[in-house]
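In what follows, structures are represented as C-alpha cells.
Same chain, two partners: chain A is paired with chain B first, then with chain C.
Then we have the complex of A and B:
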C-alpha cells in the first residue's frame, strides 16, 4: 500500500480528509444536527440600550402567543444560576442574561421558546420591557480613573528608568487598536437538553474551547462537571477564537430547557452575532521606548488601557497577558516595564479573537521601531537586525519570563528582504514619492507564541493573591483499534477548518504503518467520553504542538503494544489486522500480564509552562515561531484608499507537518490581519448604540480587497514539542496590522494613523 | 398556507408553506438539504447561494412561495452519480476550503459564472467572488481552483 512507499506522511502536503463531505454539502454543522426529538426553538430578547435599569419586564403577552412553550427571563436566570467566575474579581456579577440592569446593546434579557423560530421571534416582540436609561461608559481611557477600572498592575523587569535616562532617543507614542471581530461565517448555535431525573444538562454547541470554559459554565449552572455533557459537532463554520464565548449561551439555553421542560435549539443570527457574541479588546497603548544613536533598543515602558466591554468574561483579561512573555518582541532589550489596566465599558464583552493580544502588542512595538528608525536616519531593517535575538541564544529567556524555544531570526529577515526585493522596493518608493505618488514600504518582525500557559492569566492578580497555582497546557487523545483492525482516534481539539483530522491521521499513519485514509479521526468532542483537559480546544495555535503531541504519544503506546504482541506470537510480520483480531478474540494468547484490548489514551503537556513566579515572570507560551513581513502599499492622494502592491511573509514555525495546510493558515491569518489593518472595526455611537450591526456596515475583506501574498518558510524545529512543530495560525494576524501601518506611514510621511486604515480615515490624515 | 411545487436537484417536491417561509429555511428544514448554509440572512455573505432556473440567487432573500414552478440546484445537486465535479475536485486539490461553511455558496456561484462565461479571466473570478465571504482562506486558493477549471 501507499504507506510503504512514503518515507513519512508527516511533512507532506496530504490533501484533506475533511473535504469531500464539505464539498458535497454533507458537512455536519450545529444547525444540521437534530440530536433530540421534540426540540423547540429559542429567540432571545436583547437590550436596546447600552446602560439602563430594567423597571418592568412583562412576558404575559408573549406567553399567550401562538406556539409559545414559555419564557425565561433574566430574573429566572439570576434565580436559577450563579454568576460566571472570571480571572479577576469584578464588582459587576455576570449572568447569562441581565436582571435589573443591562450593560450593553444586545445583552440578553429574556428567551422565548416556541414551536419554531418564526413563532419565537414573533413572540419576543410581545414582551413588554420598560427601561430607564443610565449614562453609559464608552471611553475606557476617560474612565480609567473611575471604578470602571477593575485591575491595575505594574510589571518591572530590568531598570527601565536608568535605560531611558541614558538613551539617545526616547519616543513616547500612543497607539489605539480598535475593537474588531473575526466574524466566522457560521454564527453560534446551541441545542440544550435538560434531564430532570438525572439533574444534568447535555448540550451540543459549536464551542471551540478552551475547556476551562466548560468548568465556568458548569459552575454557573451549579453542576459538577460530569453533569454538564458538552458535545461539539464534527464541523464548525470557523471560529478564530470567537466561538469560545458560546459557553454563556450553553448556560442560557440550558436554563431555558430546565425551566420549560423541553429540549431547546438556538441558532444565533448575524445581527445578534455582531452585537453580542465576542470580539477583540480595544486597546490604547502608550509606549515609551529608548534607543541608542546607532539603533539599539534599550528600554520599553508600556502603559496599557484595555477595554474588555461590559463584563470581565472568562478567560479575560487574558488578552492582556497572552503576550506577557513576549513584551520585548523579537528583540534583546532587557529593560521592560508595563502598567496594565483593565476597564469596563458599556459594550459587548471581549474574548478570544485571532492573534489574541498579538496584533495590539505589535502595532505599538513595531510602529515604534519604524518611527525610531526614521528619527535616527536608519533603515528599519537594519534597526531590526541590530536588535534581533541571536540564533546562538536559544532557548532564550525574555526579561518578562518568556522562553523562546528556537529560531534563526536574522535568517528569516534576510529571506524576507530578499523575497521582497526590499532594497529596490525602498528605492522605488522614494523615487515614486519624488514624483508625487504615495508609495511606502513597511516591515514587521514578530514572535508568534503558541500553546498558551493556562497560568498566565493569574498575573492579573499580584503574587500572593493568586489563589491556587495554575500552569501548563495539556491535551489528551485516545486511539482504539477494532477487532477488524480499524483505527479510531478521539481528539478534543475542536477544529473549525484547520484540518486536524488530516494531520492527526498523518501522524498515526506513520506510527502504526498504515495510510492516513485508514485512520478515522473523531473530532466531534464529548466531555463525557473523550479524554480532555481544561486546556483542550482550539486556540493559541496549540494543535501542532500539544494536539499532535497527544496523538503521537497515544499512537506510540499502541505501537509498542502491537510490537510486543507480534514478538510474543513469534512473528514480527503479522498484519495489524491479525494482531487486532488476536487481541480482541484470543486474549489468552497475549503476553502474560498484558492488559487485553487495543486502546491507548495519552496526555501530552508542553514543558516549561510554570505558574507565574513571585517576580511576575511567566513563560506565557511553550513554542515561539517567527514572522517577518514586508508590505508595499500605495495611497491614493485623492481618496485615501490604500492599495497593497506587494505582500511578503516569511515564517519559521518549526517543522511543517503538512505544508499545504500551513500555507492555508498563513494566508487565512493574513486575511484577518489585513482586515484589521484596513477594513474592520466595531463602531458604537456616543450613546453606545452599535453602528456595525450588519455585514453592510461591518466590512469584512472580499476577494477583491486582499493581496496575493508571497510566502516563504524556514523550519527550525522546536525542542519542546514532540514533532518539532510550532503554531502558525496567528502570526500574520499579529504582523499585518503593524506592517501595513508602517507601509502607509512611510508612504504618506505621517505617524498619526489609526486603524483601520480605511480610505476616509487616511484621507482625513492627509488633509489635516 | 400556500401549496408550491418545485424541482430541487432534479427531484420534484409538492409542499404547503407559510407565505413568510424563507427559501433557505425551506431547503434546510423542510427538504433536509442542509448543505445550503445561512451566514447572515441579509444577502451579503453568499453562503446560502443556490441556482434558481440557472441563475445564482441568495436563498435567504427569497421566499419559498417565489420558487413555485421553478428549478433549484443546491450544492447537493452538483456531484453526479456520486462523483465530485471538476470544480469540487479543484477545490480539494487547491485547499480552497477550510471550515467549509461558505463553500457550498461559492461552488454554486462559481458554477453559475462558468456556465455563463466559457473562459472567465482571473479578474472576472475575483469580481464574482467578491459577492461571497470567506473568513478562512484569504480567497487566493479559491480563485486558483476556479481559474484551473476555467482554463481547462
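Then we have the complex of A and C:
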C-alpha cells in the first residue's frame, strides 16, 4: 500500500489527546449540545405489553397538560413514514413507533413534546391507551416451526456427512447464548430539527454507524440522502455497538419535529435504554462435531436458531453472518455446514453488541473442542494445536469463504501457555480437586475478524435473490492544511471513546513530519460535510484497518504534494508553514498544472472483499487477529460463586498502532466477555415482561468484579491493511465466555452449563 | 426518569419539621441522604406531594455515647468513621451501597426505608438497638425488632420522624460477625446473616430472604440448618427459593462460627 512512515509516533503509547477535556469535565456529549434555539423536550410513551392490540389511543388530556407542545402517535408515524428496510423481508413492518399492535415491552407508542422533560413525562401519563393483550411468542426454539421463523438457510461446504460417518468421536451438544447488552455510561440522545421550507431534517445523535443506517433512516423518512443531515457529537459515552440503533429515534424525533414545528430533544434514560434500545441476539446452537481418535477436527455441523426480537431491524440478521467466513474458527477443518434460522419473538429487537456473533459462535465451537479433548483423553491445548491453521498457510481460505490474512497461531498458543504457566496450572487444579477444591483451567482459541464486508448480510438470501452485489467496507478521510500550516483531519469513524483522534494524529504526524499534538482531528462527523461511505462508522473493529488506512492515504497524498512544491521551489527544507502559505497565497508559484490549496481526500477499501459468491462463500472480514485465552477459576462449592484466579489473554492483532490503547481495548473486551460469562443476561417472564429492567437486576460487572488480565501480544502484520494493523476491540469478548465456561466445566466436571455462570446457576448445576 | 410534581420544604428546626409532618403526614416523604428515595422519585415509584428535607436540622446531627450505647442522629452519614467503633458495623458498612452513596446516605434513612436487603437494619436488630422517634405530640423509643414490620414498612406513624437510632456498644467477651452474599460488589445481598456470641449466648438475625430483618432462635449446635428451617424465601430473577434457603444455612453457619471465634479471642 506504500504508506511511507517514519518510525516515530505510530507504535508508541502516546497518551490520549481526548483525555484532557474529559478529565476536566469539558467533553462535548449529545446532551451538552444546544445547537438550535427553541428546542423542546420529548418523552416517549411505551408499551407495557409484550404483545397487544391497541384498541384505542386518546392523547387529548395530554394535549391540554401544562407546557405541552403536542403529541406524535404511532398512527402519525405510520402516516408520515415508511417501514424501515432490513436485511430480509419480514411480514411484520417495522416503524419508529407502533400503530395497531405492540410487539415488545417498551416499544414506542407515542411521543409527547413539552417545554421540559418533567412536563413531558407528566403528560405521557395522561395519554389514555386501551390494550387488548395477545399471546406473546417468547421461546424462539419452540416457535421455529411457525411463521415466527422468517429466514431459513442451509450452507454446506465440503462433505460433512461423509466426515461424520468416519469420525471416531461425534459430539452433538446444544449451547444457549443468552441475550446480553452493552450498557454504555451514556444512553441514546437525539436533537431533531425539521426544516419545512427545505423539506429536510438535521439531526444530532450519538450514532456510531454503520452509515448504512443513515440510508435506512432516510428511506423511512422518505428523504433523499442529502435531505437527512446527521451530525454526531465530538464525544460519546461508550457504545460497544448499541448506539447503531439510535437511528430509529432519529426518525421518531424527526417526525415529531416535523409534525409539531419545533426542534425536539430526546435524551434516553436508563430504564428506556435497558427495555427498548437494543441488545445481542439470543442464540441456540446445536453443534455436531466429528473428531478422529487423535483429536483432529474433521466436521462441523451447526444448527442455529437466532432470536432477533420483535422486528428484523437493520442490520440484522447480520449477527448471524458476521462470522460466516470463520465458521471453522482457527482450525483447518474442511467440512462445515450450517443451518441458520431467524425467529421473531416479542422482545426488544436485537442489534450490534461487542463481538457481534463471535461470542455465540465460539461458545459452541470452543466448548465442543474442550469436551472432545476430555472424551478423547487429550489435553485441550494439544487438541487445539493439532487443528490450528499453520503459519505457512496464510493467506488461508476457509471452507465458507473467509480469507485469513496472516498469523502464527501456534506461536500465540505457545505464548499463552507459557504466560499462564499452563502445565503447572493444570497440575495444580488436579491436585486441588483431589483435596476437594473446585479449581479448573479453561482455554479458548479464537480468530477475531475485523473490517466487515457489508455484503455478508446478503447471505440471508439465496444466490440470485440478493439484489445488487455488495461488498461495502470503505472509509474516507479529508485532511486540510490552513494558510498558517494548521492541520485538520475530518474523520467519519464516529469514535465512542476508543481514542481515534489520538491514533489518527499519530499517523498524520509521522507522514507530515509534525507532532500529534499539532494535528486537529475532527470526529464530530456530519453527513453533509464529511467524506463518508455507506460503510463508515465505528463497528467490526475497523478503525485501525480502514479508518487509519484512509487517514494514511490522505496524508500521503498531501505529503506528495508538499514534496512536489518544495522541489519546485528548489528547497527541500522549506517549512510546512511556508509550503502551506505558498499553496494558499501564491498559486502562481506552484508547479504547472498543480491544483492550488492544500487539501486531500482519500477513501480506502480493504482488498479481497467480494460479494458472496454462487456457492454461498464470503470473505466476511478483511483482517483476522488471533486470541488465545487461558482462564483459571475456582468455584465455591457452598455458594456456587466463580472466582477468576488468573486470566491470560494473548493477541496477535498485527501491528499495534498504540499499545496503550490496545491494552485498553483488551481489558474492555474482557470486561464485556466476563459480563456474558458470569453476570449479564436479559430476562423476560412468561408474559414477556422485562425482569432485568434496571441496574439492580441487570448485572453489569463493575471494576471490583473483574479479573486483572495478564496480556501478551505478537505482531504479525496484516498484508491487507495499510499499516499492517488488525482490529482487537472485540476478540476477548468473543473468547472470554468460552474460556471461562471451559474453566468452570473443568473445575466442576460438568458440561451442562448455561451462561451466565452466576453463583445461583452454578450451584443449581452442582446440586443436580 | 423525572419525578412527578411535588413541593419541597427545608425546615430549619425540629419543631417546624414536626409541625409539617403533623399537618401533611401521609402526603410527605422525609429526605435525608436521598440515596434510595431520589431514585424512587425519579422512577415515579414514590410520589409524595411534599418532600421534607431534614438536612438543615442541626439538632439531628449528633453522635454521642449514652448508657452503654451510641446515639446516632438522623443526619449522620453512613460514611461517618465513628460508626466503625462497633466491629459489627465496621464489617457491615463496606457492603452498604458504594463509597459514594455512603458519603450521602444516612444511617437513619436506611433504617426508616426498611429495605429487607439493607445491612444496617439487620445490624440494629441483632444488636438489640432501637429507633427513637418524635412527633409534634409524642416521642417513642421503639425496639428494632418491633420497628421493622414488612418490606419497606415500619412502625413509624405518618407524623413521626426518626430523630436518632440507638446502637448498643460492643461488650466485652462478645464476638460479632456479619456475612452476606451478593453477586456483585455493592449489590443488595441475596442473603445476609449477622451473629453475636458470648459463651453459650447467641443472637442470630437474617435479612434479604425474609420480609424484614429477623431474629431467629437457632439451635446452637446446628445454627445454619435450624435457621434455614425457619425461613421460606421467595425466589427472584437471580435465585431459586432452594438456593436462598441454602444460603441461609451457609451464611448463618459462617457468621456464628466467626462470631464465636472472635468471642473466644
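The criterion applied here is as follows: the second predicted complex is superposed on the first by the 760 of 768 C-alpha atoms of A that agree within 3 Å, B and C clash if a C-alpha of one lies under 4 Å from a C-alpha of the other, contacts with A are read in each partner's own complex, and residues count from 1 in each chain.
Here is the rule we go by: a residue touches a chain if its C-beta (ideal position, glycine included) is under 8 Å from a C-beta of that chain, and two chains touch if they have at least 3 such contacts.
Note that this is a predicted model, so its numbers are computed, not measured.
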In the overlaid three-chain picture, which partner chain does A:238 touch, first (chain B) or second (chain C), both, or neither?
first
Touching A:121 in the superposition: chain B (first), chain C (second), both, neither?
second
State whether A:704 touches chain B only (first), chain C only (second), both chains, or neither.
both
Given the touch rule stated above, what does A:15 touch, chain B (first), chain C (second), both, or neither?
first
With the two structures laid over each other on chain A, which partner does A:691 touch: chain B (first), chain C (second), both, or neither?
second
Contacts of A:182 with chain B and chain C, given as first, second, both or neither
first
Have a look at where A:670 lands relative to chain B and chain C in the superposition and call it first, second, both or neither.
first
Between chain B and chain C, point out the one touching more chain A residues.
B
Which of chain B and chain C A:270 touches, first, second, both or neither:
both
Touching A:679, do we find chain B (first), chain C (second), both, or neither?
second
Let me check the overlay on chain A: which residues of chain A are in contact with chain B and also with chain C?
118, 269-270, 694, 696, 702, 704-705
Given the complex, residues on chain A that touch chain B span 15-16, 18-20, 22-27, 29, 31-32, 118, 182-187, 235-240, 269-270, 496-499, 660-661, 663-664, 667-668, 670-672, 694-696, 700, 702-706, 708-709
Partner chain A, residues of chain B touching it in the complex:
18, 20-21, 28, 33-42, 44-45, 47, 74-76, 78-79, 84, 88, 91-93, 95, 97-104, 107, 126-127, 129-143
Chain A residues within the chain C interface of the complex:
117-118, 121-122, 269-271, 638-641, 679, 683, 691-692, 694, 696-697, 699, 701-702, 704-705, 758-760, 763-764, 767
Give every residue of chain C touching chain A within the complex, in rising order.
1-5, 43-44, 181, 183-188, 190, 237-240, 242-243, 246-247, 250
